[in-house]
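To keep things clear, I will list the structure first and then write my remarks on it.
Naming follows writing order (A, B and C), and every chain is counted from residue 1.
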Amino acid sequence: MQLFGRLHFDAWGFPGDSPGVNGFETGDPNVSPQDRLTIRRLRFGAEGDLPGNMLYRLDLELAGGNETEFRDVYLGWKELPVFQELLIGNQKRPYGLDHINSSRYNVFMERPSVIEAFNQDNRRLGIQSWGYTDDLGWNWRYGVFNQRIVQDEGGYVSDHWQPEVAGRLSNTLWWDEASDGRGYIHLAIAGSYANTDQNALTENFAGSGVSEARFRTRPEARTESRWYDTGVIPGADDYELLAFESVVNLGPWQLVGEQQTIWVDRIGAEPVRFHGAYAYLSYFLTGEHVPWDRETGQLDRAHPFENFFLVNTCNSGVASGMGAWQVAARWSYLDTADGDIQGGRGDAITAALNWYWTPYAKWQFNYIYGDITNNDLNAPLGAPNFGDYHILGTRFQVDF
Amino acid sequence: MQLFGRLHFDAWGFPGDSPGVNGFETGDPNVSPQDRLTIRRLRFGAEGDLPGNMLYRLDLELAGGNETEFRDVYLGWKELPVFQELLIGNQKRPYGLDHINSSRYNVFMERPSVIEAFNQDNRRLGIQSWGYTDDLGWNWRYGVFNQRIVQDEGGYVSDHWQPEVAGRLSNTLWWDEASDGRGYIHLAIAGSYANTDQNALTENFAGSGVSEARFRTRPEARTESRWYDTGVIPGADDYELLAFESVVNLGPWQLVGEQQTIWVDRIGAEPVRFHGAYAYLSYFLTGEHVPWDRETGQLDRAHPFENFFLVNTCNSGVASGMGAWQVAARWSYLDTADGDIQGGRGDAITAALNWYWTPYAKWQFNYIYGDITNNDLNAPLGAPNFGDYHILGTRFQVDF
Amino acid sequence: MQLFGRLHFDAWGFPGDSPGVNGFETGDPNVSPQDRLTIRRLRFGAEGDLPGNMLYRLDLELAGGNETEFRDVYLGWKELPVFQELLIGNQKRPYGLDHINSSRYNVFMERPSVIEAFNQDNRRLGIQSWGYTDDLGWNWRYGVFNQRIVQDEGGYVSDHWQPEVAGRLSNTLWWDEASDGRGYIHLAIAGSYANTDQNALTENFAGSGVSEARFRTRPEARTESRWYDTGVIPGADDYELLAFESVVNLGPWQLVGEQQTIWVDRIGAEPVRFHGAYAYLSYFLTGEHVPWDRETGQLDRAHPFENFFLVNTCNSGVASGMGAWQVAARWSYLDTADGDIQGGRGDAITAALNWYWTPYAKWQFNYIYGDITNNDLNAPLGAPNFGDYHILGTRFQVDF
């Protein structure tokens, strides 16, 4: 059995916001978003192998204090014919590179709006197969999932199972063997067909079922409210998601982009379409690179050339190492406003500075500027349905 | 320190129910029980030895998401004179073989109605002694317990301590040494005297005390409501429980039966009597047997002759192992209707198929048919106090 | 990675209370405090080292059942220049020896009123430096903290950060090298300047901010209500705390005393001053001593000369060891009544008997007699604002 965990400590400040954004967050255009100090992640878990090529993994999220949650909770097999790795339980859905990437390795403190909005909290109960080719050129994952987030509730209760089939096909188009992967290109396509419960509120007793046709997210920072929110979309019967990913890495430079579209089919109403995209450029001032995992198609752990340290030396001096320094800029776009569903349309830019103390610890800084329009659903009565905002954030993190 | 855990994933469906049963579950005879997908158990714990012959154990139940609970939480001693093993803390009460058996080894997905109804959630704060004879012919456990379930609350607050003394005497009547225990007979008797708080609701402040004279259970499956439920029995001053167990094992065949009766004494009202029983027959199609633990008098871990596996071979073929296959049938009866307490009377049959992949992993299937009458206390106004139901369930599980 | 934990099981009884005390506890002068059985602590945690001289620690408190909390949760560095050890996260504030002492080593079951009232639950989010001199004569810790208790909530949300700077300077005035520390004298001074949010309730949305200018505690036992409670002090803008500690240890004898004062500055009202003190004398009947940790200035683990044990011997006799026996008496005083803030003034004496079975396990008994006056804020309407009480408690505990 291996034990593991992570600690993320965050501080967020909101130095400037317009009345509209105040309304999205606090319900009052005159009251601004409040600063926050928070344990963002407090994870502890265990994983291991079992006889018969089996494996298990459980990961607890304890940052909420009284509100404990779980994350990965699954059992499965390795090295099966056809399915290769097959996992049953609560696990990540196969779309959105930035969600597939571990929060330990994310370049920005919070994930892009579109990634979070179209795949809130990512993990679902399901069965998923994971595979890759022997030459590591291709990898894929696909499965069937229930759409309810259960990490806070433990289960799902409804005669409408709200199932979803989803998959991702990923290709490492180029891999620089000579530098052991300091250069690579990744392309992937992912999609989902999700059947939602049109009558969840009226037909299930005690509100046990809730339609999962709802897309919402925070402004790439931690806030009380989700500033983008379509609400449960009336009449939604199913939706389809199509997603594209690309990564180009050249030594210390990395360019990443994703685009996703969702089409929601409705009974008794016109279909609606939501979409979003982001792109970011990151650069290691100290020359390291962001490694790539070709078996699963995701970012891997970055290793500073020299760990940060600061110690007294024998001769009364101080010796030090500088760690790794990375800068990055992200542009992000999300449109959850279409037809009668005006749940917000906006974009944001984020500037980031990451100081990697060691492969297991870093200090992150983010500055975000964004604006949102077409947000009728989240603006209080009489308040503007648009606004812009500035956000500052910092995070201390270790994992073990 | 040893770490351990278990993962149980369940799916339940309710393909057919009568209006009465709908009412017990949903409060509306027209709304049927809803299907469910759930993490049934997500356990993680630690145990170990300490100096001075001491030991400790803690086991967390994290399947509820926000609603964390604990299970075994105790300290104690081994190898004491007279007491042998003596444990202080939250631990299983000493009655009901099917509750004493670990959920890892239970032949059916959920325990029989009578076992759950008369010993809801099993564990209580108490002090208990465990012993066995050197020849392993006899074993026993007895102790004093508070009757409140504290695994969700952490403690009990009331001037009425609601104590209970309970014990179990268990005999391994026959043990086939030649086959190392593929044949055995077990008999046990258990009993309890429980003093309940007649005035819990009126005399304790802020409802801090609740009378524990209440017996209830679900229909041997997971549902929202408990379909059998006496409510808190008015005037209940104390109750006595008497329980009998028997197991006969002949190689792959096992026959298990238990019977329990509870007599509730009441102030200002006639006493009431509740009772129940079950019997099941199980058979390993692949020839294994269910082992028996003679030190504690309970089922032990079954080991397939051949683990389930499925791997690609060098010459492009597939090699496989079949695991162990077990079938079983259970009849179960519960009567919690007597006098003015009409909390349900019914029986159920369950057919089970278990596929043991390895000693640590299995896949279970259950089909249940049952009917309930005399259920005035749990039927909504104007709805029938009787009904029948069909339930289907399946579970994936590992433990480590 | 090291794993660790502790289990504390408590029973409390309230054999005699006056109507005033009944009112503080239950809100009704005719209803007395109720007895309780409880898991006082159920801790499980992990700590370890990371590359680059880093470390981490997380400790979970699971005794509450559904109400999980965390305790120590931090990352940091060892052996830094200037700062020595530097920790970021949820950690103990640097004042109050009896709070700095681990609950594993506390001589009494619960901490003195003043220590709890002026530093409720002790841990806060902050950054703290820990140091000591090479000769172990001096040690210190100081840092900056947010004042909100987050172990149940996970974070703090408000534009007013409610910061606090606090430090403690500790001296081991005498250390008997010859006996390896069976004799020692410790003196320390600690202080804090805490900026509180005068307008928390009116200016922060959704009550997200709460003024931390509130001091309250239970009667050195576990009760439902806090019998001393100033409430949130109207107009409080900041407060200062000054604290003194002393310990004199002579072999099995130990004398400990602390005194603390808090001055609360208020806008639009007179300042108020609260203060308290305690002293206790403990004695090991079996001759052991309470060790001292000179690096951090706190009590260390006591080791019985002979562990408690009780085993059958080969020749049918019983062999035993007696463990260590300690008696102690504490006098404690707390005054949270000043000016218009009449939150209680009282003192209490506690008699204690501790039976250490091993260094990792003990059984504690406490008897408390106390009285409280000037408690207008916690007395129900028309009930007396004063009263006295008797309390009995016992605890079984292990740590690992």
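In the analysis below, a residue touches a chain if its C-beta (ideal position, glycine included) is under 8 Å from a C-beta of that chain, and two chains touch if they have at least 3 such contacts.
Keep in mind the model is a prediction, meaning the values are calculated, not measured.
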Category of the chain touch graph - line, ring, star, complete, other: complete
Copies subunit A and subunit C touch via same or different residues, half shared test: different
Separation of mean Cα positions, subunit C and subunit A [Å, integer]: 40
Multi-chain contact residues (two or more partners), subunit B: 3, 64, 66-68
Touching residues on subunit B, where the partner in the complex is subunit C: 1, 3, 46, 48, 50-54, 56, 58, 60, 64, 66-70, 73-75, 77, 79-81, 88-90, 125, 146, 150-159, 161, 204-206, 208-209
Subunit A-touching residues of subunit B, taken from the complex the two chains share: 3, 5, 7, 9-10, 26-28, 31-32, 34-39, 42, 44, 62-68, 224, 307-312, 318, 321, 323, 357-361, 396-398, 400
